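Labels run A, B and C following the written order; every chain starts at residue 1.
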Amino acid sequence: MSLLEILDYAGVAVFAATGALAASRKQLDLIGFLFLASLTGIGGGSLRDVVLGRVPVFWVVNPTYILVCVAIGVLVFFTAHLVESRYRLLIWLDAVGLSAYCVMGAAKGLAATGSATVAIVTGVLTATGGGILRDVVASEPSVLLRPEIYVTAAVAGSACFVVAHAAGLPLFASSATGALAAFAVRGGALRYGWTIRSYKPRPGRHPNDVIR
Amino acid sequence: MSLLEILDYAGVAVFAATGALAASRKQLDLIGFLFLASLTGIGGGSLRDVVLGRVPVFWVVNPTYILVCVAIGVLVFFTAHLVESRYRLLIWLDAVGLSAYCVMGAAKGLAATGSATVAIVTGVLTATGGGILRDVVASEPSVLLRPEIYVTAAVAGSACFVVAHAAGLPLFASSATGALAAFAVRGGALRYGWTIRSYKPRPGRHPNDVIR
Amino acid sequence: MSLLEILDYAGVAVFAATGALAASRKQLDLIGFLFLASLTGIGGGSLRDVVLGRVPVFWVVNPTYILVCVAIGVLVFFTAHLVESRYRLLIWLDAVGLSAYCVMGAAKGLAATGSATVAIVTGVLTATGGGILRDVVASEPSVLLRPEIYVTAAVAGSACFVVAHAAGLPLFASSATGALAAFAVRGGALRYGWTIRSYKPRPGRHPNDVIR
């Protein structure tokens, strides 16, 4: 398997694990674990394939990805109680998945269009899509809205991949550069609580207090 | 009309009714009923068509499906107050739609790829997609996260269809087998409160209590 | 640029601004602004393109749309604190975007299929899709569920466009007719609190009070 294929299966597997951990937090049954594992594992890549016009999407062409999600879902079902903090594990695995998937998304966007802008957008879409679907469907508080840096890590990873690729680095090196950059940013944010201050923060009011 | 076509229109119609009932619970206006009826009625099938690469999706090719949703939306708008418990009706119609749609989704996934794995996934996606969209857009508590068996019924129906089809049963018999299996599982869960205990249940804590 | 192109960029830009304003209400960082601006700006059009089978979607073919979202996101990041009520601005810009986008969606649906039914559905999908994605991902109260007329404005604009087009008006005139009709309905609803009474309103109960 090439590095890109390894990153692809790794992204699917760790995102599937975060979906299964969300299922565990909601005390779902085994099939609920497999459902959320699959949705999270293949969600971001499916969105990427659809907007790029690569249909049928990757897991329809190669159902092995589904079997990976199922295997991970079963594994988490029988072991989640051994983990002291499932949310902490979820959020760190999500960081690993984000790092693998932003490079995968950027590589496919770049291959399909040659546009650096599209590559960064498909990188971010692939890296964040599965987690957004997981949080929405499992009614988890959105990881996007937490104060620690999140989308920025996906942008950094995608952009580093695109720059390294444009600089002529081989695919292995540019992929590794992008994935490590994304993980450094997101991991640092989780470990040290990095945030980027918004320019003039001000909390939103409830619509009913604003209109009429 | 073939049995598959009847199942298809039936799935659209009963899911449309659940969307309109959700609109009634939120006290929306007539167009709000039609919107949620259409979204729920054609949502799951649209997701199926897109991942399988069958675009334009079915209701663009044949707008009769939209007219079915509109007719059902109008009907529910003028009759929902006659129903003692709209949520109970919603949840039972959702069970009928789930049963029809998991077979439809599995049949189309099997026809497109020949893979039993893909067929079960597209069966579940088609059967649950409309309800997920309805619950998210209408801010209803997610039917997926309730304790009674839900996704398992869609998996059971899709798998029974695939097995019956592989065993050489005619399309009519294998479709009926799948739909009845799904309805038996989901109906039993609703009637008798069937649940599958999770392995080691433990409720999730709030992210703020876990990270930092 | 033709009127349709102007409507298209205008729709993307004002929806992007509403996404950025939602990011401001949630006190996100700059990249969070750009993310929600892009999601909201290109979300509805992406859904339209996918169901119509027009893939790769429009912003993959022409990444200028992304750059518009980024520019608007940066602008809102540095100026949102100057606005007294960001939600009021969000909701009015959303009305402008809805008006531009329902015509765009109806025009593309009509061009692709010739069906007035499909045109109205793609008009509504395009006009409401970005706002739904924004509200779901940013955890904003859904604009769809507020009492003031919303979806009805998108239906009115799409239908007026289709009728004007069928009556033989040139594209400029039928587009302007549709957009003005939508804005008149939605603007009136916002300004004067127009609502359409539902037939027999009755609030929904919680599922736990209904089943078992």
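By our rule, contacts are C-beta pairs under 8 Å (C-beta built on N, C-alpha and C of every residue); 3 or more make two chains touch, one makes a residue touch a chain.
Since the structure is predicted, the reported quantities are computational estimates derived from the model, not experimental observations.
Viewed as a contact network, the protein chains are fully connected, with every chain touching every other. Interface residue usage between chain A and chain B, two copies of one sequence, is largely distinct: under half of the residue numbers at the contact are used by both copies. Copies chain A and chain C of the same sequence differ in orientation by 120 degrees, per CA superposition (steps of 5). Between the CA-based centres of chain A and chain B the separation comes to 27 Å, rounded to the whole angstrom. Multi-chain contact residues of chain B (touching two or more other chains) are listed as 50, 55, 136.
Residue ranges on chain B touching chain C, taken from their complex, read 22, 24-32, 35, 38, 46, 50, 55-57, 59-60, 63, 66-67, 77-78, 80-81, 85-88, 91, 136-141, 146, 190, 193. Within the complex formed with chain B, the chain C residues making contact are 50-53, 55, 109, 112-113, 115, 117-118, 121-122, 124, 128, 132, 136, 142, 144-145, 147, 149, 151-152, 155, 195-207, 210-212.
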